[in-house]
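In what comes next, subunit A is part of two complexes: it sits with subunit B in the first one and with subunit C in the second one.
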Partner chain A sequence: MDIGELETTAALAQIDLGNGDLERLGEAVSQMLAHFEKMNTVDTEGLEPTTHALVRDNRVRADDVTPSPLADAMIDQAPEREDRFFVIPNVL
Partner chain B sequence: MYQTVVGLEVHIHLNTKTKAFCGCRAEFGDEPNTNVCPVCLGYPGVLPVLNQEALVQAYLVAKALRCELSPRTLFDRKNYFYPDMPKNYQITQFHDPVGRNGSVDFLSPDGTVKTVRIHDVHLEEDAGKMIHAGDMSLCDYNRAGYSLLEVVTEPDLTSGEDTEAFLQSFQRLVRYLGVSDGNMEEGSMKCDTNVSIRKAGEPLGTKVEVKNLNSTRFIKKAVEFETKRQATALDGNRTIVQETRLWNENRDVTESMRTKEGSLDYRYFPEPDLPPFVPDKAFLQAIDGRLVELPLARRTRLLTAFQLSKEQADFVTESRFLADFFETATGTGGTGPAAGQAIANWLMGDVQKELNHFGLTLEASPLTATRLAQLQALLDSGRIHIKIAKQLLVAIFEEDKDPERLLKEKGWEAITTEEQLSPILDQVFAQHPAVVEAIRAGDVRQKGYLVGQVMQATGGRATPGLVNSLLAKKL
Partner chain C sequence: MSAPVVSPWKQFQTKKEAYLAYANPWEKKIGSFLSFRPETPAPATPGPLAGLPFGVKDNIAVEGFPLTCGSKMLANVISPYDATVVARLKAAGAVVIGKTNLDEFGMGSSTDNSALGVTHNPWDITRVPGGSSGGSAAAVAAGLVPFALGTDTGGSVRQPASFCGVYGFKPTYGVLSRYGLTAYASSLECPGILSADLALVQSVFEAARGRDLNDQTSLDYEPQAPRPVKTIAVLGDLSDLHPDVRAVYDQTLGHLKALGYTLLTVNLPSLEFAVPAYYTIATAEASANLARFNGIRYGHRPVYSENHEDLVRKSRTEGFGNEVKTRIMLGTYVLRSGFQDQYYTKAQKVRTLIRRDLQKVFDQADLLLSPTFPTPAFVHGDQTMTEFQQKLADKSTVTANLAGVPALSFPAGLSSGLPIGMQLTAPAFGEPRLFEVAAQFATRVPVVPCPGTSLDWSK
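Take a look at the complex of A and B:
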């Protein structure tokens, strides 16, 4: 795999890769891609892509409120908070 | 001369009690992060489950917009990293939206009915809200996961005025369907506006996306500003940059927004946690059952049936409640143009005045369609005249009672028989013997004075014709 493409992919996934990582993983990713290429040669003409296994019926829920008892506990987990807000470095 | 081309991406908050994929309350104005759970905060290992009502409303809008309804609708993940979405992806529909290839009509300010094609209608979730202050940002996820419906139009609008009229018409449509309040100021309706220009007959120009538009008036202004800005650029042999611009409402201009390069690769893929939804016959029948006559069709029908003016037709179809009110009060079309005119005039005139005076909406006021119809019937039958009718209307607002009952309690019924009027006349004669004598002696000019006295004694309830004829008889 082209190192430039790997860098873009890593950036999109917010993964910080050092130089050594790029070369090492580049090799592994190339192997994976080669495998995908092999799979691509299989004739799938007329077959619907399988996005979900073992799905039979519609799975929906009624529009009824089920308040979560965990809201407060989840805010308590925040590394930094102000009142009930989660606080992060300014991203604007 | 350039032609303006506008396409819209309209988002509406659906009218559901809970969020799209979890049972958290979908409610504005609550304390930050109270309506949150592990699903909408994107904790690992959780499973989103579709809100059936959101799906119903999504299909309902798609149907009203004459879309091809998806026989098997699917959800996708749109991946992006921004702290307004704790999952790092938004659940949306990319490959199989609920509806595609629709169209909708609207009334242009130039008086013609125009059609806008609909590219697709898809269901997705809203993001959380952030407040940026100093060196930190505060995150509130109450809104994260709200059911949001996006309607994407084809680039069929050709002016700022038409764009504004289309959006107002769309607002009415979603309100009629009961799927959203469509309020732009409160953020329950948002609109990204794509503007390009071209010379007649040429292919589409480079489009610019304008965001941060929270009223239909700003959208009109933004379209007009962009048309001028792009025309100046092309006339100066400069190229239009495809970009996102923000509306600056203080300066009435659009401004370029800096974008991170390469950040727009969303890597859509099917959402593995949500199975496809296949609407069955019962579901589709339920959609049909909730479809209503749309505002434009209703306006046309009422305009013709009651021979209303354009202003009257616009007024009475502004909301479904008002249109229903109007039709109930007029007896659902059976009583013809006269009744329609009368009711429309009441609604636009005195009713509006009293609503303002009492600070009420028609929905919350004591005036029902039946009461207004009764009031008009009293007027039509001659039991009251217009001055008393207006008094009665005020009394309905003040006392919340039926007009018939108020009429009895107040003793406001018109005096229409000689038997009723005769004793009052006798009384006036007795009070003003000199005037009576003068008239009998030939001074007919003083008759007017006596009529005035009778009207005063009856509180204006006597019919002038009857007063004159009985007066002549008694003199």
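Take a look at the complex of A and C:
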């Protein structure tokens, strides 16, 4: 993968690549991608893709209000919050 | 409900002082836990696992314990709830006494990718315990817990079990709920069980399994009608095995024949595409699943950030280790518009092919046998076992995840003083076959405890 592709992919993944990373991760990613190419040597014409090995049915529950006692405990984990709101840097 | 488990570990609650005198030096030597709280009282539940302590891989939620996933990203997160499998084991009377080390987010085969600690193999502390459930395998092998939970996305329960000389069981996909498991590759991963006691693996499985309203993909356990295992398939083309693994594999074939099983040589032509298909799917799913870690709601946040986007990028850049970044990048790339058909859809079609090939094997045989991993436990930093080489070596284990079928790594013997595991794979819901053959095998080759381990503290 060339540097431009690598940088585009990193931007999409929301990861900054420093100089050392660009080389190290770039090499690891390219090596795996080259290995993935091996799949193109096998004929899969007419085969359906498998998304999940063993899904039986779509499961639904009654559309009732159910308690969600975890909310406060989850919000308590926030790195920065005000009351029940997460704080992020000013948008404007 | 099944009969209570018979185990010296039933004494754990009343012999804690003696236990700690045994466990603390071991733990100091191997570093299997990221949090270790043996003082945690057992639930007052008269279940089949009453009083039994256990360890839980630190990517599975246990209320009040950290849930670090071995990552700087989540180093300060405390779980406010129990994963379903943990809740069910607690309801059966068992007690969590610690969270075990792992490769960051379950990505690796050595546990050396943990950002929060180093774990050594109890058989030889210069060697890795395997991964990604390396802490669970090491803790069990050192006799610090009678069993531990791990997670298995591509072999992460079975491979460390092989390296540490214990059983490592990956059930049929869906039978153990994934609720409370930090998602890495949702269509492949499931909780698994590690123990040196095969009967205990079965008791834990029985207590933890079944459909769960909180996991859409969970399934009730529908075991196949029991029938004695007669034929075991073996692979015709087994190359690249370490000589020690080859030796134990050949001995295993001899033992299975002596036990009266018919060995049938088969070919799995799609096997050579299993690793690329697996890593395409796993990294694609990882890139989506790990998008949630952004420093806003929980987890690592940078000291300063300019704006929202900067906050997210810095959190991820600072919080994730190299292997995690590599896999997120790969997954992002294979899902990019224009590349999807070439990689992701192709991999899913290869997955269909692998399932078909495996089904053909199970049309002729009851089980499939292979080495769990082509090498014994390797030394920390082994230059011949690069991250890339470790991925290639996942060939035997990833097949079960791609097909959603159960598999068991069992201790098959020692070579050069290190334990070597062999793997049995069964069709979906064929768990009883795995347990039957592994139990028969143990009548000829009993599990060898790791040197220096003991249960004397329980007396």
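In this section, the second predicted complex is superposed on the first by the 90 of 92 C-alpha atoms of A that agree within 3 Å, B and C clash if a C-alpha of one lies under 4 Å from a C-alpha of the other, contacts with A are read in each partner's own complex, and residues count from 1 in each chain.
The rule is short, and it goes like this: a residue touches a chain if its C-beta (ideal position, glycine included) is under 8 Å from a C-beta of that chain, and two chains touch if they have at least 3 such contacts.
Keep in mind that this is a model prediction, so the values were computed, not measured.
In the superposed model, A:3 lies in contact with neither subunit B nor subunit C. Of the two partner chains placed by superposition, only subunit C is touched by A:47; subunit B is not. For subunit A, the partner that touches more of its residues is C, with subunit B and subunit C as the two candidates. Shared-chain residue A:89: touches subunit B and subunit C both.
Legend: residue contacts after superposition of the two complexes on their common chain; A:15 is shown touching subunit C, with no touch to subunit B. Legend: residue contacts after superposition of the two complexes on their common chain; A:70 is shown touching both subunit B and subunit C. Contact with subunit B, but none with subunit C, is seen for A:62 once the two complexes are overlaid on the shared chain.
Overlap of the subunit B and subunit C interfaces on subunit A comprises residues 12, 14, 51-52, 55, 58-59, 61, 70, 74, 86, 88-91.
Touching subunit B in their complex are the following residues of subunit A: 8, 11-12, 14, 51-52, 55, 58-68, 70-71, 74-75, 82-92. Listed in rising order, the residues of subunit C touching subunit A in the complex are 77-78, 80-81, 172-174, 187, 213, 216-217, 219, 270, 272-273, 275-277, 279-280, 283, 287, 291, 294-301, 305-314, 316-317, 320, 322, 325-326, 328-330, 332-334, 336, 342-343, 345-353, 355, 387-388, 391-392, 402-405, 428. Subunit B contributes residues 16-18, 22-25, 31-38, 41, 43, 49-55, 74, 79, 81-83, 130-141, 262, 265, 267, 270, 272, 274-278, 280 to its touches with subunit A in the complex.
Subunit A contributes residues 1, 5-6, 9-10, 12-16, 21, 24-25, 28-29, 31-33, 35-40, 42, 44, 47-56, 58-59, 61, 70, 73-74, 76-80, 86, 88-91 to its touches with subunit C in the complex.
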